[in-house]
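Worksheet: the structure to be examined is printed underneath.
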Amino acid sequence: MENSVKFLTETVLRISGVDPRKCMKCGKCSGTCPNYDAMEYHPHQFVSMVEKGQIEKLMNSDSIYLCLGCMACVERCPRNVAPGKLVGAVAQLKLRQQDMNRKGGNDVAAFADEIVPQQLLMAAMRKYRK
Amino acid sequence: MSVNNPNWKPKIVAFCCNWCSYAGADLAGSGRMNYPADVKIIRVPCSCRVNPLFILRAFERGADGVIICGCHPGDCHYTSGNYYARRRLTMLFSLLDYLGIERDRTRVEWVSAAEGAKFAKTMNEFVETIYSLGENRKLSDIRCKKS
Amino acid sequence: MQKIGVFVCWCGSNIAGTVDVEAVAEAMKTVPGVVFSTHYQYMCSAAGQKLIADAIHEHHLDGIVVASCSPRMHENTFRKTAEAAGLNPYMVEIANIREQCSWIHKDKEEGTAKAIVLAKAAVAKLLHNKPLTAGTSAVTKRCLVIGGGIAGIQTALDVADAGYEVDIVEQRPTIGGRMAQLDKTFPTLDCSACILTPKMVEAAQNEKINIISYAKVEKVDGFVGNFRATIRKKARCVDETKCTGCSLYMNKCPSKKGKDEFNMEMNNRPAIYIPFAQAIPNVAVIDPEQCVKLKTGKCGLCQKVCTAGAIDYTQQDELMEREYGAIVVATGFKPIDPSPLNEYGYAENADVITSLELERLMNAAGPTKGTLLRPSDLKHPHEIVFIQCVGSRCDENTKRGKPYCSKICCMYTAKHAMLIRDKYPDTKVHVFYIDVRTPGKNFDEFYRRAVEQYGVDYIKGMVGKVAREGDKLMVRGSDLISNQQVEIAADLVVLATAIEPDPSARSIGTMLTASMDTNDFFTEAHAKLRPVESPTAGIFLSGVAQGPKDVPETVAQASAAAAKVIGLLAKDHLVTNPCVAGSDELLCNGCSQCEKVCPYGAITYVDKEVRGPGVREVRRVAQVNPAVCQGCGACTVTCPSGAMDLKGFTNQQIMAEVDAICL
Amino acid sequence: MIYSYYPGCTLKDRAKQMDIYARKCADVLGIALKELPEWQCCGAVYPAASDEIAPRLSAVRALMNTEEGKLVTMCSACHHVLKRTNFDWNRDENFRQKANNYMKPETPYDGSVEVIHFLELLRDEIGFDALKEKVVNPLTGRKIGAFYGCLLLRPGKVLAFDDPENPSIIEDFIRALGAEPVRYPYRNECCGAYVALENKACAEMQVERALNSAVAAGCEELITACPLCMYNLVENATAHKLPVSYFTELLAEALGVKEG
Amino acid sequence: MQEIMNRMKARAIALLADGTVSRVMGWEKGEGEYDWSPALFENAEEMEAFVYGDYAGANLSKYCLKLGKLEGKTLVILKPCDTLSFKQLIHEHRLEREKFYIIGAGCTGMKDEKGALLKCNACKSKEFAIYDEIIDSEESRKPTGVMDRMAGVADLEQMTAQERYDFWQGELSRCIRCNACRNVCPACTCIKCVFDNPASGVQSKAPVTSFEENMFHIIRAYHVAGRCTDCGECSRVCPQNIPLHLLNRKLIKDMNELYGEYQAGEGDEERTPLTSYTKEDAEPGIVHERGRA
């Protein structure tokens, strides 16, 4: 898989459908993010870093697994930028790299107990491995 | 189809009402919003001045697409002109479609004086549509086609 | 054979940059009818116009085509040039090779080819032009101002000052508008009422100004110089000529549930009330929704205490018809309702308020008599958060607000922050902002004072959530400079809500056929050069109706609109548009279809002896009144025989253009 | 009235109650919930990348197999995934084409199915006023908070379920059952379940914020439509705790069919 | 029908005799058995040639344009569908009501050598839109011709654009520009037609290219839109048997669907669908969308 800045940036933009140039840098996404403190890079940084082509930095950060996928930033963005979709797209790009699964199938299966809902396990399968 | 003639450039006539759409076209111009040179604008006072004869004449003389632009319904400078135009053009387009003429060669769009971007976008879309339809053969007068 | 001259303008590099003007001029020489063709750097300059005039004389031209900028720019210039050179001004056609050619195309070859086609189309049309003579119409020397805020008041005062009559039609019971609701004004911190009320009084006392309050314009027809408006004066159930504005009834009225509109509905008022102490006219009004007498027929207390005998429960709406030469739109604005943006919790928390509500809370005549107390528990707030750009600058696809910057919020928020810190130094004030926009005289200095002198905490970032927790409002937002998410426990949250045109604007725009943009602001005739005129002749724009602006800008625009109105009313006659419809009696069937679509009632039918080759009989034929016809052309298309045609845009002219473009 | 019904995997196992109560209530309300034949897991998360086709195929199949025009879902996550799949199907040519290439269906899905949540069915098809009349056991005096979470509401334009910032459907539902709905600011925020497996602390923080907000506003119990929220609000509650139940359980109680 | 004719004849002669009318517009037999032509009768002797019956298909409304200019009243015989054309001409101020005495003629459906007329297969109405007296029979009041008037249009609408194009080219290319359609049409009443007027810019006397008959027929259909009563005379008289009524019916169908049911010549409203509007009218794009569904 190609890893040039150009390729990564274009792929993220294409698969996310996000246009970071629409951003007016108001920071509302980060103001509304429920998991802000846990993340190394915050939603508004995803937008500006993708625009600048700093995808690899983002791919190598745990932030991509800390997004709750709650879409609050998508809903509230006044510019229709959808930062959350960028986070998801970068995470997806990471999983598509060779040997870059966050967890193996067995690791996820190990979470299973009497209470954990099936869909959460299924979601983990989707979010942590490809 | 356009495949016959790779150098084919469409001829597109845009009738624009003086108060809204012509001004919108001017705004697109001063905003440097590009659209293809295939579009040529004819200024009319109101979309209700556009006689079906003009549209057929354009096709006869080799136009590949005709678009009529006027003020948004409710905003006509003359209060009701575009309402009449809307009915007249609906009927004309329907009749052309009924005669088997590609319906996408005709279009009506309401563009206000403030909508330069919409004007450019509309023209770009329309030109693209006409390119995909290719040359107008069904309605043209063969005498008028330059070989 | 006509002799046509073609004049191709470079417009400096505006046209010459992407159109080979020399090639265009050269190509036009071979077009039938063209006897002279040239190009010049600036055709609109004195030298360019002289070049045209000289060519008209030298080549005995009977028509000219100027290939230049949009006819909306210089058509009149060149018509005057032609007229001065002895040519009928309607023997001039413009080929728009700037806005519709050079500015939108990058390829010079393509641009040149298109410019030639456009110029040829203009020549083709011109070959069918006929000299036209404009008629005249009288001017009614009275002006209608719709809206009695500071914009309408200023325009009215200036027009009246020049000696013309002005009617101000205001929908509320008093003039004064939004400015009357403001506490202080930036950047001087003048008391708003102190500078506005003298103007209100001046308007009331001016003999030339007639204030029609609690009224709305229902219908307007006619045209520049000759408008006729129908105005509905709503029944206020109080005789304006008798009421002394004594307010004795205030405590007697048993109904206390009316929302005080002037105080942004933060407190209640009786059913009979005067909106505020300095209201003009200082006359009470009865709210029919709240009045016990009007609703049940039992009460009448206010009538009993009124010594002037002004109360009249049977009063009916009154319709007035008035004639005007000019109309000024000064319909103003309202703040948007921030409830849909409920992450700010406006709908649920009394202590989340809009800036205009804060103005009333800080005003001595407001619900708290000017003491800053928060609405929920009337306690003094110690920590206040301001949020900027609420509903402004939003992408249109989000439906979260307006796409434009509301322009005044940065400054009034700085004002609020400063006034609070000044009056209540124990209060912490935070402002969440995206950008602080201060382009105005002494504006940035003002904002810096708020930060440097008053210690207002400006946080660059937006708020994501306001949540009530106990008696605090937890405001969570981002601080982009320190790259942190911050949470502030506030007592009061103030939203700098976007402003939007008054809801009445859209219907007024439709009534006046004055064009508006997608945000319902009125469009100006030219964004730079004719900023106070509507494209519709005789309609002028004043204040926020045209776009967001602050008080000084509004006043400046109001006076500019007045200057334009005075210029119009000073004329005894206006030259009418000669491009009107006309019917060929020999072709007219008398079928009456055209009459049905004429929006102006300009077409009538007469039985008339028609004479022509082999024809001499009495027929029913259409006649157009050229003074009433506005030249839309609706009739021409309805006419199946082609008897009805439009001068300046005849069937032949338009078809010649079509042919020239397509061939 | 007959509706196609998509229960989803969790409702067949860990969240059985939600499904059982829903069916009982449907009987009382005169609705036939016709379970889709051979449905598969919806995919649990909607893919963030527009070129991910395979994870959405089972959702497309569910839509394709819907015969009744309307497909009812119970679980927030399934509702989310199915609605978004349907939305994109009708707008994304590329998705449509590729999915058809994968599945090679005899007749491709025409995009005409309407996905509705059971709550929408109660609101729009039955009406809360009519529901109120069916209540035999009004839950008078109970102060109940709705926990919407994120999946039901957002993205608002796609799900078109309720006002994403100011929803009222569950409050209206609670009112119809005779209880007192309590609105609190964090009712439409995320519970953090998606990170709960890997990062319990994070999840706990989100839950605490929500429960704190609910308790402060006077909620005595919460209801949800989401098995993830249910799991998380119960398992990862720390300082504040509240009883949580599925909305269908509450409905069954009010309609008098909870037991037996 | 014979009985109706006899009553009609007697009544006409009486009206001529008492001076109520100066002439009678009706039909007389032509050369062939089916070939009945419009004819004018000025006295009782001439009335001997008067006929009315199964072959009186011609719509006499248009002849009234000239008759209306003569001294005295003209008696005109109008079948139910003809009264619509007549009334429409009154709406357009082309005829003066006082100049005519109208006998509404009961009709059991008209024929020609090929059988029932096209307009009679889909008879619009047995009601008279305008009349002074009615001469009919029980038989003539019964409905006739119950075929779907719009069936032919609907069939064409079902075709692909190319099929429609081929169909119309096949039909219209046979036009010889004899102008029979125009001359017979009671809505085509221009003193001078745009196609005859050199100043109109579209003058054309005979088709030179395939386009011109398109243009002629499109514009003709368009010019009578909203005024055409669907009397079917255009198709009846076309020597090339071009189904011109399918153009008019398409416009009628569209107007009915988009702007509400409307029958030209019915009622007292002079406005047609194309000289009125509502603010909520469909956008012209509906033509495009409708085709794609």
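Worth pointing out:
Note that the chains are named A, B, C, D and E in the order they appear, and that numbering of residues resets to 1 at the start of each chain.
Here is the rule we use: a contact is a pair of C-beta atoms (placed from the backbone, for glycine too) under 8 Å apart; a residue touches a chain by one contact, two chains touch by 3 or more.
Computed from a predicted structure; not experimentally measured.
Counted as hops between touching chains, the shortest connection from subunit D to subunit E is 2. Averaging C-alpha coordinates per chain and comparing to subunit D, the farthest chain turns out to be E. Comparing chain pairs B-C and C-E, the larger number of C-beta contacts belongs to B-C.
Subunit C and subunit D have centres, each the mean of its CA atoms, that are 48 Å apart.
Centroids of subunit A and subunit D (each the mean of its C-alpha atoms) stand 24 Å apart. Residue positions of subunit B with contacts to 2 or more other chains are 52-53, 57, 74, 80, 84, 88.
Within subunit A, the positions touching two or more other chains are listed as 72, 76. Shared interface positions of subunit D, i.e. residues touching 2 or more other chains, are given as 165, 189. Chain pairs that touch one another, listed by label: A-C, A-D, B-C, B-E, C-D, C-E.
Residues 22, 24-33, 36-37, 42, 44-45, 72, 76-80 of subunit A touch subunit C in their complex. Contacts from subunit D toward subunit C in the complex involve residues 157, 163, 165-166, 183, 185-186, 189, 212-213, 216-217. Those residues of subunit C that touch subunit A in the shared complex are 343, 389, 393-395, 397-398, 400-401, 432, 434, 460-465, 476-480, 483, 485. Taken together, the subunit C residues at the contact with subunit E in this complex read 586-593, 596-597, 605, 617, 620, 638, 640-642, 651-652, 655-656. Across the complex, subunit B is touched by residues 70-72, 96, 98-101, 103-107, 110-111, 113-114, 117-118, 121, 509-510, 513, 515-518, 523, 535-536, 579, 597, 599, 630-634, 636-638, 646, 649, 651, 654-655, 657-659, 661-663 of subunit C.
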